[in-house]
């Protein structure tokens, strides 16, 4: 459980941009689930998502397959 | 098996709030299982859940996909 | 392969209680398998289970989703 | 979350070549998904892919099974 | 890729006994596969199995769910 | 992303022999895929395979379940 979020990583910085710009994204998870919504915050273990009904979900990084910004 | 729970992480703090407020949550697991109940305690390896029948379940963090507080 | 079992962790201590009290438990594994039996011993990599026919099984911690003590 | 990308690894160097040569590749993911496109950049956690519609996808290394350059 | 095999671990020692005694075992893998045979050797990453046709298989520890000695 | 390949490990040495002897092998992957071909090189993260059409595939070690030399 490293606590520092490696903000030097391009992937971490890209997610910070998506948070700041409140971009709609799709997260594909290891169960095959597809979560749509906006990333609210990230830490070294998780990403917090919020959907169109303002319902929040804490997603574990270990379970993320890919993230796709919605065009 | 790091022993310290990183209470500096937003995701760990958020779970501590859910424990304190006894919030109903849904845990999605890598097998596709959906566990409903309240989080009783957490450590660096596991979360302890208790369901509506007061039956407890120790869930390994490695198997968690996402956590959704119930509205 | 850390060798020390973190006995300071609530989850490790809870399993030690289950071993001492010879409690019947259910283990859900990443393949969806459900193993019923008693935990005989634990180390940092594995849990040893024994079933009703006294058949033993070494289960890798990495493959455990959750553990449920049987009521 | 190690930040350094191990450019000494043949596998990391091979991906750098694929990025420079803008080679079409296929990524097989743990969900069985097959992503086709070009690798835009890589870091220690992720690969960034772009498809034929110029849509980008951040893929977590943990979810990659294999990468096949397209003949 | 730690190189030392933690022979202090009960689970590692138990496998050493199974190797010495040439015990028939069943290995359940994350894909659901069930491998039957004898363990020939183990290291920190893998177990080497040999089946009834003397065909050998190198199994990655990361993919092992459980090991069951055959009665 | 440790960079050193642990050539002291029997499993790593065995793969080095398979590379040198250009032995045909089968790789079982976590998705259930079965890759047939020869191992060309290995590093701490990946194995490079080449199939009968001389098509190369970079396989992530994390996704390997077992390797079977073809009789």
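For this structure, a couple of remarks:
The chains carry the letters A, B, C, D, E and F, assigned in the order they are written, with residues numbered from 1 in each.
Quick note on the criterion: a residue touches a chain if its C-beta (ideal position, glycine included) is under 8 Å from a C-beta of that chain, and two chains touch if they have at least 3 such contacts.
Note that the coordinates shown come from a computational prediction; the quantities given were computed from them, not determined experimentally.
Counting steps between touching chains, the shortest path from chain A to chain F takes 2. Counting hops only between chains that touch, chain B reaches chain D in a minimum of 2. Distance from chain D peaks, on a Cα-centroid basis, for C.
Relative to chain F, the chain whose mean Cα position lies farthest away is B. Shared numbers divided by all numbers used gives the overlap of an interface; between chain C and chain E this overlap falls below half, so the copies present different residues. Chain centres here are Cα averages; for chain B and chain E they lie 33 Å apart. A separation of 38 Å divides the Cα centre of chain B from that of chain F. Shared contact sites, meaning residues of chain F that touch two or more other chains, fall at 2, 30-31, 44, 62. All the chains close into one ring, and from chain D toward chain F their sequence is D, F, E, C, B, A. Here chain C touches chain E in the complex through residues 1-3, 29-31, 33, 35, 41, 43-46, 48, 55-60, 62-63, going by the rule given at the top.
Residues 2, 4-6, 8-12, 14-15, 28, 30-32, 44, 61-62, 64-69, 71 of chain C are the ones touching chain B in the complex.
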